[in-house]
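Residue numbering begins at 1 within each chain, and the chains themselves are lettered A, B, C and D in the order written.
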Amino acid sequence: MKKKKTTATLRICCPDRKGLVVAVTQFIRDHNGNIVNLDQHVDETQDQFLMRLEWEMEGFDLERATLRERLDTLALPYGMWWSLHFSDEPLRMAIFVSKESHCLYDLLARYEAGELNVEIPLIISNHPDLKAVAERFGIAYHVFPITKATKPAQEAAEIELLREHDIDLVVMARYMQILSGDFIAAFPNRVINIHHSFLPAFAGAKPYHSAFKRGVKIIGATAHYATEDLDEGPIIAQDVQRVSHRESLQDFIRQGKDVEKVVLARAVYLHTDHRVIEYSNKTVVFA
Amino acid sequence: MKKKKTTATLRICCPDRKGLVVAVTQFIRDHNGNIVNLDQHVDETQDQFLMRLEWEMEGFDLERATLRERLDTLALPYGMWWSLHFSDEPLRMAIFVSKESHCLYDLLARYEAGELNVEIPLIISNHPDLKAVAERFGIAYHVFPITKATKPAQEAAEIELLREHDIDLVVMARYMQILSGDFIAAFPNRVINIHHSFLPAFAGAKPYHSAFKRGVKIIGATAHYATEDLDEGPIIAQDVQRVSHRESLQDFIRQGKDVEKVVLARAVYLHTDHRVIEYSNKTVVFA
Amino acid sequence: MKKKKTTATLRICCPDRKGLVVAVTQFIRDHNGNIVNLDQHVDETQDQFLMRLEWEMEGFDLERATLRERLDTLALPYGMWWSLHFSDEPLRMAIFVSKESHCLYDLLARYEAGELNVEIPLIISNHPDLKAVAERFGIAYHVFPITKATKPAQEAAEIELLREHDIDLVVMARYMQILSGDFIAAFPNRVINIHHSFLPAFAGAKPYHSAFKRGVKIIGATAHYATEDLDEGPIIAQDVQRVSHRESLQDFIRQGKDVEKVVLARAVYLHTDHRVIEYSNKTVVFA
Amino acid sequence: MKKKKTTATLRICCPDRKGLVVAVTQFIRDHNGNIVNLDQHVDETQDQFLMRLEWEMEGFDLERATLRERLDTLALPYGMWWSLHFSDEPLRMAIFVSKESHCLYDLLARYEAGELNVEIPLIISNHPDLKAVAERFGIAYHVFPITKATKPAQEAAEIELLREHDIDLVVMARYMQILSGDFIAAFPNRVINIHHSFLPAFAGAKPYHSAFKRGVKIIGATAHYATEDLDEGPIIAQDVQRVSHRESLQDFIRQGKDVEKVVLARAVYLHTDHRVIEYSNKTVVFA
């Protein structure tokens, strides 16, 4: 599903005021850009303007570096945050796993099928269990065992490794360790976690056990940007699954896996296609 | 949708042991009962056996009073809780409301259409706003204004009124007051509340505001038996609605109403058709 | 939920070309219009541009009649279809019913609660059954019995009555008669029907019976603009409900009603808030 | 998630009459079988009784061969169809694929994780494309190219191969060939297909194209037993996914894959755990 033509994707966020759509679309068109997607949103409660714009680079008359300079100039008077990506420069993504394979297989199968526009140079784990899976897809698998004592040093080594590989995005695919605030700070809004509950319900450990005990009639999963506050980061995607008294705790866990992997993959797709903007601990998802 | 033939519905709950299904179904058949519905469940984590059995009274050779005596005898050796209802003796239900009409209209429209096998002799409110709605359906509407000071006396008066009318079931149809522990104790597992969130997420006041602030991608509603611990009672039914950044807080509230009224009506249907068994602060719903 | 400030809502549709967003938004802003909602879509398969724009009338410097003239001028070079509505000029809506009350009650309860920005001057039926419901809400109820022989004359009389009342929108709320092509032609894209299946599955009569016979695991409902070809018109909204072998045909019908009324009400909301654009027998829904 | 203790699972189907539950459960208990799951259903429209019963083999006092003989005797007077499986004799399953990998990866990842109680000795395809996937999991991959001319001979060869491997179940994991009536007849109710639409809507080829053209607001997938009549076989599982005008045809296809693979895997789980009974071209699913 790779796009044939190279496109540029611009995301912007700034205080709302008149003329923003005109200013930005005019700029692209003045340089002969053919806009193929435009989506915008005004958060009236916060007076924020957010927009995603995708245009074809063929015929566009600015070089990439010049474009960035010009965007800086354009953005200045509006106090505009902006981010620009090109479809032929896919994000570089690392996957963190522990022992459960369902999310990992799901991501790698999509990667191989060309469904995700990313490069995956490496997989990191605190356990050796899923090494064989990584090898089947020809991806390096690094084991960093974690104990309370070794965690700071191991995380530092992980960060170094990720930087060596120019990693843009860390995906916690059922990685059963909490990443420290320092780690998160090294990749702001670039660590996606899948939590196996419908947040904010059942934050923390063993959500299926808690859901089963509480007797809920629906279970769910939540993909979100990891922040220092566990399970409190901006939500990217959520989905649910109906259950009844007939489902055992084991059924919750088994059926929940399907929701987890689909929700996580959806969040990764949205992020790597530059469809998410984070602000005020929420997300706008231009899906 | 009223059932033509009179049926008896028996619900039982007891520690699991061999021969329970045989013992109970044999008993019904020995008295020439034609079983039209049988559903059972074993909670293996708690070693509990639960069953719902519905049979036609035509041709059944025990009088209702005798049947109750015989059930006592049958139940004794198993330590069995049981409950028996007849379809021609509908539950008597009171509705509590405040100012929002959507759940009230929904319940009354179903009542009028014969979808719910109940009698609704009265509606109670802390506000006069919905009196006209009650009158349109020819149902008495009693106003009990509540202040912190008057609450105990008003609740006592309400309980008395409910008892005068032989009320079996109290339905809080967006009644924006918390019923006291004393009130709940007067109607154990016979007060159904609709909470406008996907519990246990966003318990307490203003759940849509909290959901909006948190940036969730799905909202929901939960019908549950009210207990002394607010929003902690056994869940009967839940449903959800997908939302995105495009929905404002007002959209959450507007769309949430649809989920609320359908979930509440479903719980009322399940309860009044004797399909719910409560145990360990959970429910088995033989839907 | 009535909006306080008066707004104008403009919908446009035309062949896609560069500069459309700019041209239209510029025009509004040149006349001091504060845009509060803008949503647009490009159908790349058909090269169609569609947009919905809502702005506040306070401070806007064109009279309504002048605005319409100016829009004609603006639209001409683009071959643009456009439609303009003001929030203080609600659509006038007629409801057609037969004997089932659930959709009617649902619409009227929303109407009374101010959830729908419409006027409902009359209800039309081929049966007298729901007269009492209409009366409770103080709405005129006209009975037009239909036989094969009388249908053309009765429909002509209905059309005349609808025109007398300046009806903008006809809602078939489980009206169990097929409206003729002539009738539909009198209200193009202004007749909304609720079909009690997930179209295109189970078009035609008795969809729940067909669904039950086919053994589907999900049932649904579809709100669509009625066209001459029965059940073939542009779909506005759909929703579904999970079922299993435990549900009888009667359960399908009972549970289906909840889906029907919610889906129909959603379509009516979307239409009367001018959020739907029909083209190529499909809809764009700016929800 | 393999069950530790060996269990027997009995499915029965026969005309309804009094005493069926008692007769069967009594028989199991008379031989010291500890029933761990019992689910039954009466189809009142067809007067059919259906039951699934699972009990532990530990302590059960009949040999497997003797048990089968005794079941024949028990079944005779009731005209009872029955089927018996033991959890330590997993079904042997073959997967048919063409070029799309998502369902195949999904099934193999579950297989490897022990989520499905099956043996998968071989994969058959009409194309060589997915050979590498099969090899990664150490499963034999057989290519049978199909042309109109060679189809009968190739199918005969496939059937022979499947019989050599004692295959109990054929899973068409997006196998883009129609299996002939002769092939299906060789594996009655033992060929599961995933169709990429919400049947009976969009049967036949290119359902996403048809769905996109029709402008539906929900897409779906259906797992069913293949029969001679294409897409008309008994439905085992269905699920859906909400779409809007924002989704392109490519988005339908991409998002539909998630529904397809989850629905297919669910049907395979249900079948291989002996939870499905087929009758009258419908299924009862004791989930």
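Keep in mind that, in the parts below, a contact is a pair of C-beta atoms (placed from the backbone, for glycine too) under 8 Å apart; a residue touches a chain by one contact, two chains touch by 3 or more.
Since this is a predicted model, take the numbers as computed values, not measurements.
Among the remaining chains, the Cα-based centre furthest from that of chain D is the centre of C. By count of C-beta pairs in contact, C-D exceeds the other of the chain pairs C-D and B-C. Work out the mean CA point of chain B and of chain C, and you get 35 Å between them.
Chain C and chain D have Cα centroids separated by 42 Å. Looking at chain D, one finds that residues 44, 246, 287 touch two or more other chains. Within the complex formed with chain B, the chain A residues making contact are 41, 43-45, 198-202, 214-218, 220, 234-240, 244-246, 248-249, 281-285, 287.
Chain B contributes residues 1, 101-102, 105-106, 109-110, 112-113, 115, 136, 246, 250, 253-254, 258, 262, 265-266, 287 to its touches with chain C in the complex.
Listing the residues of chain D that touch chain B in their complex gives 18-19, 21-22, 25-26, 29, 34-38, 40, 42, 44, 242.
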